[in-house]
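Every chain is named by a letter (A, B, C, D and E) in the order it is written, and numbering of its residues begins at 1.
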């Protein structure tokens, strides 16, 4: 394959994704699914920067997501501040939180890191629940429904503009990831992933590299939180700071697709979100629990088929077809 | 991405007769609230089956009701997606659900934008105070239920010759407990009564000792726990363990389902609770539920059934599946026929905000495995047992 | 007489009650090749670990080109020109050989430059043919050589080699010795831990001997080979005997 | 210089063994025989496949073909964990100590197949005799030992099995000369007590000193074999392995 | 004066609930210790144990403290089978794959239970569940020891001690630890590592199911009960040092004490916030848990 293959593939994919909604009901269900898939692809990609490249398995990214969602929404409600500005402020707060969290966690490895970050996410959820005067508490918070559309206020009569916001965000985040992955930081993060001590000894400032990765990831995640809030209009602490709904799901998507790869989170989201939907709509009505059961079983089966995720699975299939073709 | 997403719904192949009217039912069928979701679904199913058996919607040529039921899970994002799916794929005339306030709030953001009526029995005040046009709340909002819990209790105590001076409140810290306890607290403060204990605790609490210790130290005369099932069992048991026997007035949810009684046995007897509706108010209706499902008609089933009853009447009156027409009927009718009559006062009528103006919570008490309405007097079917 | 490039003064490192490095002092001149020998568990690896910042010293001073470096983080020390290889081999096993080496190169270069440098170094240490292999698929000696290449790519002034010749054939050892010498000629100072006496004697101009964490000897290989304490603690009697027969040949 | 005390009865017979890690064949048609009571060495350059050969004997190679028989047992079809019960102890290359166990626990684990049999304590005492260093460190976690100390644990642990055949993969790697010397003396003792020994050793002169017979491997095949003392004089060997 | 009794009551409550956390966390720690797997589905075995004990109680009148042993045995075999079919293929796989698999398993088991047992909440009634020992009673208040939690606590000590003895004092226990540290070397010692993994997983989930049964008099069984405990279990296990049985007991009791004392000083709602903050701080100071031994 020439070196233009992947770039041109990307261009084609983006073009298709840009044209696709024109064929869909702009208030419809398909477009919503696509939006959510892109949201989670972006979140998975953000997670991939720390979880994939540096193997810092964060299970607390919901903290950043929630910070983004709450910051912009609270400012919007209190001061009618544009979510764009609120989103940027959310990013700043998320970065600050990431820096704060790094003090106790930067030395942690493997499962200890995972569980410490999980604790941090949970702590944020408790705070959002308890600090009702600001967050609205457990009852949740609504983005005021404004019937007029405005890009500045991120209020739209249909989901179509949200779709393009998600698409643009996703493309930018993929570019960021790609830049990091193929750049010097990527080398450093992979070194940390495989042997932190050795990385230090050959001159990698592991603390700094981890810090950069986690703040970039936190900022991206926070901004996606803002986009989510402006898309969903209502959320509560359990949703945006949720372990299962956000933190683990972000990780799952990256892992399912192929951790540490550019394509991984995209494939992961393209698979998981519709699959979840499929399970819900196909089994949901008949028997209580069946849809979630099916979802769980499918996850298990996929990982048993190939523990390295869909990217590897596709590679495997490609190889098989290729070798078959070769032998004939 | 796109292709996969598009293929999925097509596969679901939900086929149904042309003339049927699709009604969306979104309730939690998995997760911690599955039990309540199943109860709710059962209530709606019962009514829909009865309507269909009686010839469907007459004004629409006997169109059958087709329930499109989906699992809201416990995730608001998913609940909203489900709502979107029902409107796009199934063309539902209205949506019923979704038990938990957080889910209902998320769904309402979608239904409102599409102008689809949403009937709910969720408590949260926020559901009907955002100025939405298409949401109808069949029960009193949480704050009113909370206030009623207090007012009724005070009246009952007074009748029993006890003057309330000190009360204790404990509530689980999700939307339900928080909003309901807020009403309770305010009513108590307005009445100038001292709230000697006022504690939120996390839902899923595994140890209530700190709560009960505090309750013991607080010297309260009555306790108002607003809890789901697990926590309610923990609270009542730990109180007994520590020999605390003050009147316990639950906040619905965990206190008024059969599992509460099953879990506590005789300890459940005489526990009081507020309830937004009670099956002993309309036994000729609610007994049908017991016949079909084998347990008494819990309030979420009853209220959801009432929602379905209202929707039925609105459909009959509108004579069409048009959302605006149905909304018009829901907004402007008085529902005093069929299942709508199982609500307090025997009728349902929605004000501008979408609240049922006739809704009145009831005080119920466990008596040998059954719930008996003991207050307000006009609804009471039995005498209260007050053991101060 | 040039100034010493490394001064170690009264360096001590404890693990709980165990004193792994005990009050060790020595100096290195630029361009030396110094052997560090001693019984198993004498503290050689620990000394390397303290020098490169993996462990902070419990007491004592380290001066790297005159500036104190004790207690700095490893990457800081690497940036100041001292790095080491790992006795147990600590490569980035999932990465290619080339990428391993490139990562070292990033210390002082941009990515494209690091790539160029890494290729040159692989060429030089004779690993060019396996540049694209995954480090995890290599045999132990190959891995040790990648360790060296990766360390070299950080452009060190002082390189501490921890048993990189273990498991090499004599022919391969010769290659390593030639390589180390030529690198020395380019100005790199070496400290070499090795248990293969013949190789040590051949390569090093000076030997430091550790025993129970203490420096018990510091001298030329000939002196050390005759030092009774060293023979008793480390070399063993038969080595001494053999030496008497073969002395001229070994020292050649 | 040991005189081979081989009895002539076959202990280990390998025929046309091929093995791979999933890619290309690492062993190609290796055949080898060993008699009861022999002290056999295998020498060869890096990546010749020596360790792979030993792993194949112990059932650790995923893909193999050919034949390995040990006292009439077909080893290729014996799961790895049963091989020690037949009387084979394999001290692997690269130490592989149980890092989170103490030195003594490591040694005790070596006696796993001996079950509750007595004499475990004696065996431990013998190993502490051989490696006094280990005795000092008996309650230290093996993972915090120095490289050479770990090597001692690995060798000692293998000896705890009380085997018929002791397989040693580069046992002297990273050991101080004085320890190597002592250890090889002990290998002789073990051999003299009737245990057959199969030794892979990069320290070729030592290997040829210890062994009765030796095989020379290169790139996955046996090059030639012969009496150790003769091989030590062989020019091909001297040039490639006895240099420096 | 009041505050002295309050203090002791809080201490007792904390230790006792800590015992409850300990009994369910030991198994998680074992599974991690031997297989290096963070099993997110582990709490589902707690749920399974509760249901087994509940059925034993409802249909055979067996007290949950005895039913616990039935739960242990049944889930031991279920665990072994599951290890064989599901966990074995991912033992060498990257850590992330394991997270993935066990999360999938969590969904499947929680909802499988919903399908199998229904959404009803099940609880037992026993005489001791509403009783308490009075340790002290006087002017300044009372100090009570609730019996249900006392029993759970004692069972926690029992299972912790048995498991500790097994792992540290028997050759099979050593073999299991050897397997966890270096499976290749373990095979060379004649240890059937596959079997060890199966037993370890069986024991791990069995112990947690045992714990589930033991707390049944006190907590209601339902398909989602696991989610109530999963984060606490992980916190306990990590605080004590992943993989250490004694650590799980220490960690469990610490979690209990932190919750209990936090509730005394701060709003109860914040008890888990206190817990997580302390948890993260402990990790910052001792990155491998409180009982971790030094390693190189």
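In this text, a contact is a pair of C-beta atoms (placed from the backbone, for glycine too) under 8 Å apart; a residue touches a chain by one contact, two chains touch by 3 or more.
The shown structure was predicted, so the numbers you read here are calculated from the model rather than taken from an experiment.
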item: Common touching chains of chain E and chain B; value: A
item: Identity of the chain that, by mean CA position, is farthest from chain E; value: C
item: Centroid-based (C-alpha) most distant chain relative to chain D; value: B
item: Intercentroid distance (Cα basis), chain D paired with chain C, Å; value: 29
item: Chain A and chain C, separation of their C-alpha mean positions in angstrom; value: 45
item: Rounded Å distance between chain B and chain D, as computed from the means of their C-alpha atoms; value: 74
item: Whole-Å gap between the CA centroids of chain A and chain E; value: 31
item: Touching two or more other chains - residue numbers and ranges from chain A; value: 126, 129-130, 288-289, 291-292
item: Per-residue overlap in chain E, given as positions that touch at least 2 other chains; value: 110-111, 114, 119, 223, 267, 269, 272, 294
item: Overlap residues in chain B, where contacts from two or more other chains coincide; value: 30-31, 34, 37-38, 173, 200, 202
item: Pairs of chains satisfying the touch condition; value: A-B, A-C, A-E, B-E, C-D, D-E
item: Chain A to chain C touching residues, read off their complex; value: 183-184, 187-188, 190-191, 193-195, 197-207
item: For the chain C and chain D complex, residues of the former touching the latter; value: 15, 38-46, 87-88, 139-142, 163, 166-174, 195-199, 202, 233-236, 238-239
item: Parts of chain B lying in touch with chain A, wherever the complex brings them together; value: 1-2, 4-9, 11-12, 29-31, 34, 37-38, 68-71, 73, 75-78, 80-82, 84-85, 87-89, 101-102, 105-106, 108-109, 112-114, 124, 126, 130, 132, 173-175, 177-179, 200, 202
item: Chain E to chain D touching residues, read off their complex; value: 171, 174-175, 177-178, 180-182, 184-193, 293-296
item: Residue ranges of chain D touching chain E (in the complex, touch as defined); value: 58-60, 79-85, 89-90, 92, 96-101, 105, 108-113, 115-116, 141, 143-144, 157-158, 161
